[in-house]
Amino acid sequence: MHIGEIRAETTKITLFDFDKDRFQEKQIKSVREALPFRDEPSVTWINIDGLHEVEILKDLGDCFGLHPLVMEDILNTENRPKAEDYGNYVFLIANELHYDEKSHEIEKEQISIVFGRNFVLSFQEKEGDVFDPIRDRIRSNKGRVRKMGADYLAYVLLDSIVDNYFVILESLGENIEDLEGTLVSDPSRQSADILHRLKREMISLRRSIWPLREVISGLQRSESPLIQKETGLYLRDVYDHTIQVIDTLESFRDMLSGMLDIYLTSVSNRMNQVMKVLTVIATIFMPLTFIAGVYGMNFKNMPELDWRWSYPLVWLAMLSIAGWMLYSFKKNNWL
Amino acid sequence: MHIGEIRAETTKITLFDFDKDRFQEKQIKSVREALPFRDEPSVTWINIDGLHEVEILKDLGDCFGLHPLVMEDILNTENRPKAEDYGNYVFLIANELHYDEKSHEIEKEQISIVFGRNFVLSFQEKEGDVFDPIRDRIRSNKGRVRKMGADYLAYVLLDSIVDNYFVILESLGENIEDLEGTLVSDPSRQSADILHRLKREMISLRRSIWPLREVISGLQRSESPLIQKETGLYLRDVYDHTIQVIDTLESFRDMLSGMLDIYLTSVSNRMNQVMKVLTVIATIFMPLTFIAGVYGMNFKNMPELDWRWSYPLVWLAMLSIAGWMLYSFKKNNWL
Amino acid sequence: MHIGEIRAETTKITLFDFDKDRFQEKQIKSVREALPFRDEPSVTWINIDGLHEVEILKDLGDCFGLHPLVMEDILNTENRPKAEDYGNYVFLIANELHYDEKSHEIEKEQISIVFGRNFVLSFQEKEGDVFDPIRDRIRSNKGRVRKMGADYLAYVLLDSIVDNYFVILESLGENIEDLEGTLVSDPSRQSADILHRLKREMISLRRSIWPLREVISGLQRSESPLIQKETGLYLRDVYDHTIQVIDTLESFRDMLSGMLDIYLTSVSNRMNQVMKVLTVIATIFMPLTFIAGVYGMNFKNMPELDWRWSYPLVWLAMLSIAGWMLYSFKKNNWL
Amino acid sequence: MHIGEIRAETTKITLFDFDKDRFQEKQIKSVREALPFRDEPSVTWINIDGLHEVEILKDLGDCFGLHPLVMEDILNTENRPKAEDYGNYVFLIANELHYDEKSHEIEKEQISIVFGRNFVLSFQEKEGDVFDPIRDRIRSNKGRVRKMGADYLAYVLLDSIVDNYFVILESLGENIEDLEGTLVSDPSRQSADILHRLKREMISLRRSIWPLREVISGLQRSESPLIQKETGLYLRDVYDHTIQVIDTLESFRDMLSGMLDIYLTSVSNRMNQVMKVLTVIATIFMPLTFIAGVYGMNFKNMPELDWRWSYPLVWLAMLSIAGWMLYSFKKNNWL
Amino acid sequence: MHIGEIRAETTKITLFDFDKDRFQEKQIKSVREALPFRDEPSVTWINIDGLHEVEILKDLGDCFGLHPLVMEDILNTENRPKAEDYGNYVFLIANELHYDEKSHEIEKEQISIVFGRNFVLSFQEKEGDVFDPIRDRIRSNKGRVRKMGADYLAYVLLDSIVDNYFVILESLGENIEDLEGTLVSDPSRQSADILHRLKREMISLRRSIWPLREVISGLQRSESPLIQKETGLYLRDVYDHTIQVIDTLESFRDMLSGMLDIYLTSVSNRMNQVMKVLTVIATIFMPLTFIAGVYGMNFKNMPELDWRWSYPLVWLAMLSIAGWMLYSFKKNNWL
C-alpha cells in the first residue's frame, strides 16, 4: 500500500546499464525488460519516478529479492532517513528538499536507494532533476562514475542530494540576513511572523537532515562487502558535507533565536517610547490645566482676578512651568 | 497486590493456540484450562484483560514460572516501559495510549508482555481493541504471524502499540496546527490555555514513549536465544518507528515553544496597540482642554475675551493642533 | 570528627542476627557485645542511630576493618550518594528524605550502609522509621529476607529508602496540581512564591536522587563477589524505581516551568486588562471634558451660548460620542 | 618567559625532605642546595612561591629533567587545570581560589604540581597558606603523610586545594541565601546587580573547577607506576569531593536562575501595581471632572443652575459615582 | 574549480628546504622547480598564497600525489576544520581568523595543510603574517623546528593559528567588558545592538573553532606513522590550548546572555520609572483639577462662593492634598 501524497501521474522507469567501455539508456515499461540486465556484471541503474502503481514496484522488488519491509518503507513516503544492510543489498532512505521561494515553504520528497553488487535502484515520488547531472556524466563518461561500481553510483546519488541542501541553505541564509536587516530598521508584526515561519522551517529541515548524519556514518562504519574501500573515502567526504549542513542549520537556529531577542527588545523599546510621549504630554499639560482651572473658579473673593497684570503673569507662569519641564525631560534624555 | 485504578470489571482470559496449519481460540476461566497448551510446541498466546483478580494472575505466573518481581511489575500499573531478560522468558512493559478528542486528554494504559519459546502472555488493564487486527490475522492466517514463533507474535503486539501512537500523534498534530492558526488570527486567553495543556500532554507522552526506545534497542542487542535472527529485522523496523514517533514529538515540542513565543509577542503587540490609543487620545485632548481652560478663567483683564473673532479663532487653533498631531501620529505609523 | 547537625541525643545501636531458622534482636551499648556475632556465618545487621559519639563508631569501624576514609564519610553527613567497593565490604551512601507538609520543606538525612559477606552496618543521623517494616519482616520471617544473605538485606534497606521517595513525590505531585489549579483561577503573588519554592525543592531533590542512579547501576555492574547473581535481579528492580523517580522529578520540573509561563502570561494579560480599562475611561471622558471646557470659556461673542436648545444639544452630542466609543470598544473586544 | 601578573616580590623556595623516621626543613636560595636530596630515597618536597625569577625555575626544571612544555605551562599562569603523565613524573595544574568577602570577587591562582618517584615540586604565584596544615602534619608526623610516598603527598596538596573550594562555596551559599531573602522582601535594582555579579562569578568558578574533574579521574585511571594502588583510593575520595563541589555549583546556578525569575516577576508585579493606582485615580476623577465641567458651561438656558438643591445633588451624584467605583475596584481586588 | 572569494591577486609560492645543518629559501613560479626537493630527505615546506590559479595547484597536487578530493577541499574555501589521514600524507583544514577592530567583524580564512614524511604544503587564500615568526625561526635555527621532522613543522603551523585565536579572544573580551560597563551605566539601544552583534560573532567563531578540537584530538589518537611520538606531546599542548579557547568562548557566551538579561531588566526598570512619573503627576493633579472644576460651576446656589475665606481655604486644601500624596509616594519609595 502506498502511504503519502500521489505526486506523479504515471510511473516512469528509466534504466541505465554501463561499464567502463559502453553504456545503454532505456525507458522501460515493465520489470521484464530489466531482467536481462540484472545478471550481467555491468552496473544497472533503475530509477523509478512515481510510487502509486504498487504492482510494478512489487514486481521489481521480487525481481531483485527485496525484503517486504524494504518495499513497505519505499511505499510509505514519510520515513525518516536511514540505512539498512540486508546482506545482498543496502537500503537507504534520504529526503530531497525543494524550497519554494514564493511561499517560503520547504517541500520534502522521499528518495529510496537500494544498491547491490551490480545494481542500483532509486525511487522518487515524482520526476525531479537532481539526478540529471549524473545522467549526463554517465552518458559522456565524465568523472569516475563509469569506471567504478554500484556503491560509487549510490554515493553519487546521495552526494547530489546533499549538494542540493547547500542550495536551499543559501536561499534560507539570504532570507535570514534580509530579515535581520528589516528587524533592526523596522520591527513590524510582519517581520515577527516571517521569523516564526523560518523557525518552523528550521524544525522541519532538522528532522530531515539530522538523521542523515547517522545514516552516512553508519554506511562508513559498515563492514558490508558491497562497499569498497575506495568508496569509503568518498563517503567520508559526503559525511563532512552533511556535518557542514547541520552546522549551518544550527547557526541559523541560533541566529533566529538572537533575532527573536532583537525583536522583543525592540518591541519593549517602542513601548517605552510610547509611554514616554504620554508621560511628557501629561506631565506638561496637567499642571497647566490645573492652573487654568483655579482661575476659572467663581469665588467672589479672588483678588488676583482683578489685578491688571495677573492674566499675562499667569501665562508667564504657565510657560515657565512648561519650559522647565521640557528642559528637565531633555536632561533625562526623554526627548 | 494490584496498584493502580481498577478499569475492568471481570478478568477476561483469551487463549490462542496456533501453528502453521491450525489454530484454536478459547475463552478460559482458570489457568488449569491453559496448562495442556503450555507444553505443546505450538505457539500459545494468552491475553488477560483486567488485573484486579490477583489470584488468577498469581496462578498464571506460577504456571509459567514467572519471577515474583515480574508479577509485581505486572500488577503495579504505573511502571515505566522496560524490557528484561529472565533467561526462560523475556518481560516487556509498554504503554498503550488513548487520546480523548473531547477533553483533550491522553490516557495511559500499561500493557505487559511476557514471551518464552512457545508462549506469549499479554496483560492489559481493560479490554482494548489494538490487538483485534492481530487476532484477525491469526484467524485468517494472513501475513506471517502463524508461520513464525512466539518472538514474532510479541513483535506484532509491540508494533500494533507503536502504530497506535501514530494515530494519536496525527490527532495532536491537527490540534497543534488548528491552534497555530487561531493564535495568529486571535491570540486570546483560551488559546494560551490550550497551548499550556498541549505542552503538559507532551510531557506525559514523552515519559511514556521515550523509554520505549531503549526497550526496543535493548531487545535488538540482546543475545537471548528466544529472539530469532529474522525477528531482529522486524525489531529494527519497530525501532525506526519509535524513533520517528519521538522525532515527531520533539518537533511538536519545538513548535509549541515557538507558538508560546508567538503568543507572548502578540500579547506585547496588543499592549503596545492599547497604549498607542491611550497616548493618541491624551496627546490630542490634553492641549485642547488646556486651551479651553485658559479662556474659562475669570480674570477681569483678558482682552481676547472681548474680541469679535477670538472664539472662532480659538476653534481654528484647536482644530489645527489636533490636525497637526493626527498628521504626525500618521507619519510615525501610530495610527 | 562528626561534620553536620547533631540530630539524635544518644547513640542507639540495634543488633539483629539471623539465618533461615532463627533470629536474635538485641539493643547493645558497646561494640564488644557485637564481636561474637561477627565471625559467625549468620547475617548480622547492626543499625546505629545518632552519629556524634565518635568513639563508639570508631571502635565499630576498627572491629569490622573499615578504611579511615569510610569512617570519615560516615561521620561527615553531607556526602553525595555513592557506592564504593573495598574488597571485603561494599560501602554505600544514600539520602533519606522527609517532607514537611506544613513548611513545604524537604529535609535530608544521610544513611550509610556497609555490607560484607555476613554483616550489614547501617548508620542514620537520627532514629527513623523507614527500616521498621524490614525489622518486622525479619522477626516474622516474612518474605525472602531471612533466607538470603547480607547483600539482599542491603538491597532491602536501599529499596525501602527509594520506596519512601515515591511517597514524597506523591505529596509534591499533589501540591503541584493544587497550585496549577490556583494559578489558572487566581494568579496571585502568593502562588508565584509557592511556585518558586517548589522549584527550589526540585533542585535539592535532584541533587539527592540523581547520583543514586549511578550508585545502583555501579553496584549492578560491579563484579564484587559479595553481590550474588540473584541479588543482581533485585538491584535491577530498584534501579528501575530510581529511574522512575528521576523521570517523575523531571516531569515535575517541566510542569513547574510550564506553570511559570502560565503565571507570566496571566500577569501580562491582567496588565493588558488594566491598561484597557484606563484607556476606555480616558478615551470616553477626555473628549467630553474638552467639550464641556469649550462651553465654559468666557468669550463675549459665543452665539451658541444664547441659543435655546444648545444645552440639550450638547448633552446629546456628548452622549452620542460616548455611545459611539463604547460601541467601537465593544466591536474591538475591549470590553 | 613568565606570562601573568607578578604577585610575589621574591621567589621563596622551601624544601622538605622526610621519611618515616626523620624530616628536614630548609629555606634554600638556589637549586644547587636541592641537588643532594634529589637522589636520596626519602621524599623531597620543594615548594616555590613566586614565578617571575625565570632563571631559578629553569635551573630547577633542568635539575629534575622537566620537559620544556612543562616549564612553559608552569610559567604561563593562565592555564586550565590538567594532568599529564610524562613517564618519569606526573604534571598537574590546579587553581587555588580566594574569595574576597568585601568586593565579592573571586581571585584565581595557578598551582602547578610535579611529582616523581621520590620528589614533589609545587609552584605558586604567591605565598599562600593552604599548604600550611600539611607542613604541620609533616613536622609533627601526624596522619599518614610521612609514612607514604610522593604520590600521597601530591594527593594531599590537591586535597587541600579542593577542601578550600568548600570554604568558598559556603561563603557564596550564604551570600545567595541573603540575596534571596532581600529579593523577596525588596526587589530593588541593587539586588539585581548583585544577582548578575554572582552569576558571573559562577561562570568563572565553573571554568576553574569543571576541568579538575577530568584531571582527577584521569589520574585515577592512569596506569602510571608512580601512583600506588593505595593512593588510588584517596584519589577516589578527592574525586568525590570535586563532584560534590560541581554539584553544589550547579545548584547555585539553578538557584540564581530561579532568583532572576523571582526578580522579573516582582518587577512585573510592581508595574501592575503602579498601573492600577493610575487607573483607579483616573477612573474616579475623570467622570467627576467631566460633571464639574458640564456645570461650568456658560449656556444661558441651563435650568439646573437655578434650582435650589442642584449643587448639593451634584455633590451627592459625584460622591455616589466615586463610591460605586471604589466598591467595584475593591470587588475586583484592585485595591 | 575554486569556490570562494578571490583574495590574492597572484599566486605566490614560497619554498623552504631545511635540515639540522642547512636551509634554503626560494620564491618559485612553477612546480617543476619544487620537484628536486621532493625526493630529498630534508624537510621541504611549500607555502602557497592565493588559490585561484587552479592549474598551478593541480600540478602541485599531482606532483605530491594528492587525492582529487583533497584538491577539491583545498580549492573550496568554505570547509569545516577537519583532519584526514590518506596513508602517505595527512590533510588538515583550519581557519585563520582576523578581527577587524573597527567594524567589529571577524573574517575567516581557510588554511589547508598537507604533510607527509618529508614535506609540508600549506595553502592560504591570501598572503598573511601568522607564519612569519616560523620563517624567522627556520632562518635563524631558533627553537626545535630545524631539528625535527615535517610533522613537527605542521604542528608549529597549527600552533601559530591557535595562538592567534588568543589574540582575537583578548580583543573580544575587552569589547565585552567595555560593553558590560556601558550597559550598567547607560542601557541604550546602541548597546543592545552591539550586544546582538557580539552574540552573532560568537556563533560564527564557535563554528570555526569547535571542530578544531576533534581535529587535533583525532591527530593525537591517529596511529599514522607520519606522526612521531615526540610530536604527540606537542599536539597535546595545542589541544589544551584549543580547549582553553573553547572554554573562553563558552564563558563569553554565558556572559553575553547574562548581559542581555541585564539589558532587559534595565529596560523594564526604566519603563517602571516612566510609569511612576506619569502616575505621580496624574495622582496629584487630577484631584486638584477636579476641585478647581467644582468651584468653576455656575450654580446659583453655591454658598461657599460667597464666603470670605473660601478661596484661600481651597488653596490650603489643595496644597494639603498634594503634600499628603507626595508624602505617601515618598513613603512607598516612588520618588
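Descriptive notes on the structure:
A, B, C, D and E are the chain letters, set down in written order, and residue numbers restart from 1 in every chain.
Basically, a residue touches a chain if its C-beta (ideal position, glycine included) is under 8 Å from a C-beta of that chain, and two chains touch if they have at least 3 such contacts.
All values derive from a computational prediction rather than experimental measurement.
Touching chain D and chain E at once is no chain at all. One copy, chain A, sits rotated relative to the other, chain E; on C-alpha atoms the angle is 70 degrees to the nearest 5. Averaged C-alpha coordinates give centres for chain C and chain D that are 26 Å from one another.
With centres taken as mean Cα positions, chain D sits 42 Å from chain B.
Among all residues of chain E, those that touch two or more other chains are 268, 271, 275, 278, 282, 286, 289, 293, 296-298, 302. The touching residues of chain D, when paired with chain C in their complex, are 184, 233-234, 236-237, 240, 243-244, 247, 251, 254-255, 258, 261-262, 265, 268-269, 271-272, 275-276, 278-279, 282-283, 286-287, 289-290, 293-294, 296-302, 334. Those residues of chain D lying in contact with chain E across their complex are 67, 69, 73, 79-80, 82, 84, 189, 192-193, 196, 199-200, 203-204, 207, 211, 260, 263-264, 267-268, 270-271, 274-275, 277-278, 281-282, 285-286, 288-289, 292-293, 295-298, 302, 304-311, 314.
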